[in-house]
């Protein structure tokens, strides 16, 4: 169960550490896929990763539909 | 669920692509999908991709004040609204994503 | 329609039309929701005594007043003010200068967060 | 001198203000003042300030391809051009300032 | 009309329409001028083997080919590639990888510089 | 006599030190007025400074017309 889903758009523009809770999830889209966060709970949108020819672990890649499913089950979503 | 996307970003930006992909994914999962255009986001309302989303069932709203200011005349499938209209929408949906 | 705890977070683009639009959104939302507006990072410049008209931008004083009348709360990040060595002007409403961790708590306790 | 300003920036940006102020200053000093709109800069061509600059003697050009792509129809005081037209202008002026 | 030493400097916004427009400008200019195109800082990502269509952006391969045919020069900042740990793809034309100080010299020796 | 006039728009986004010559001039406009450069030869546009309520030495402030005059006499101009 995810508390807050953070959608991250810019490289390394992650929420301040104080804002993140253990059950939060970072989802990287757009150019944010260029930098991996120092926070274990993250995933990246496969299309945005592949478009930029960036290599990330396969088990970290999800589709836009997957993001919608995660948002549906989460308590809230913040596009950061 | 009911989803609301607020589009404020500049035209021809990465946010436009994200908006379209998120809205398509939301529709494909059968969710009620609302998109509200305001500020510089208004410029994107005339793009074909948005019309296609409307045809697939997305509800499209825009801030009439921003449209007039920018001399943009949205087509009839888009509903004229206001900041108060946006506020009411926020009260009716489950989740809100803003692209700015 | 549900009344929600809604927070508008303004982080960048001081001296711009963006802030004007963000505050218009906050005012519209304050009619139905419990609204907080947070100015953090570079956005804190927006609350100084600057002069938008000189650079072709519409002033947002009326929006700030409206937020005050509708009991919306306005917060500024204390660290961001200190790092930039600036003071905010008297906008005629209560503006709460809060440390970053307090700002984080407000964001965490919100149901809807709109970032600018 | 002959000055050329190239406007590519997003609408309602600080660059719009700078462009207008620079162009006004250039005209007030009696310089030949050309403004070329391309990319997202096209959105600004419909603003009153640009029309006012044209009336004061600034020559306004735009990339027809970008205008069509963005469904913008500039008024008749603006001259339809292309990247090749821009290139020729660059060859004819003394200084070029790009706002992007 | 004077033929000029013209340099287009692309510094930011990789994976965007901006690069597409900048290269269109460079191609148009190469018909009349001695054109150099410089990719520096984050813009070096634009020359990797990325896939613009996946994110709704038109590919600029034709512009790069055209620059090659018109004898325009294309330069990439060596340090920017190294810092990011990336390689550029084979675009079918000569792309010169140059250290930053060489890039600076090209800019200094230009008559017209267009930054993106 | 100014060689290159550099028009600076963003705070601290100055040209690399290698690019600047002794006779170059930096002119700060827009949000660039928020940070003073480590290069003596700079001026700032008064309107952009006053709009942002920034305090800079009066002798560093010029008008847009002044900028046009400087550009006219300079060898070249680069909007950085």
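Miscellaneous remarks
All chains are identified by letter, namely A, B, C, D, E and F, in their written order; residue positions are counted from 1 within each chain.
Basically, a residue touches a chain if its C-beta (ideal position, glycine included) is under 8 Å from a C-beta of that chain, and two chains touch if they have at least 3 such contacts.
Not measured: the values here are computed from a predicted model.
Any chain touching subunit D that also touches subunit F appears here: C, E.
Considering the contact criterion stated above, the chains in touch with subunit B and with subunit D alike are C, E. With respect to subunit E, maximal separation of chain centres occurs for C (centres as means of Cα atoms).
Averaging Cα atoms per chain gives one point for each, and the point farthest from that of subunit B is the centre of F. If you compare B-C with A-E, the chain pair joined by more contacting C-beta pairs is B-C. Rounded to a whole number, the gap between the C-alpha centres of subunit A and subunit C is 26 angstrom. Our note on geometry: subunit B versus subunit F, Cα centroid distance of 40 Å, whole angstroms. Look at where the CA atoms of subunit C average out and do the same for subunit D: the two points lie 35 Å apart.
Multi-chain contact residues of subunit F (touching two or more other chains) are listed as 30-31, 47-48, 76, 79. Residue positions 12, 14, 39, 96, 98, 100 of subunit B are each in touch with at least two other chains. Of all residues in subunit E, those touching 2 or more other chains are 15, 17, 55, 112, 115, listed in ascending order.
Checking each pair of chains for touch leaves A-B, A-C, A-E, B-C, B-D, B-E, C-D, C-F, D-E, D-F, E-F. Taken together, the subunit C residues at the contact with subunit D in this complex read 15-17, 55-57.
Interface of subunit F with subunit D (complex): residues 7, 9, 29-31, 45, 47-48, 63-65, 67-69, 71-72, 76-77, 79. Those residues of subunit E that touch subunit D in the complex are listed here as 1-4, 6, 17-18, 21, 24-25, 27-33, 112, 114-116. Looking at the complex, you find that subunit B touches subunit C at residues 6, 8, 38-39, 66, 82-84, 86-88, 90-92, 96, 98, 100. Touching subunit A in their complex are the following residues of subunit C: 100-101, 104, 107-108, 110-113, 115.
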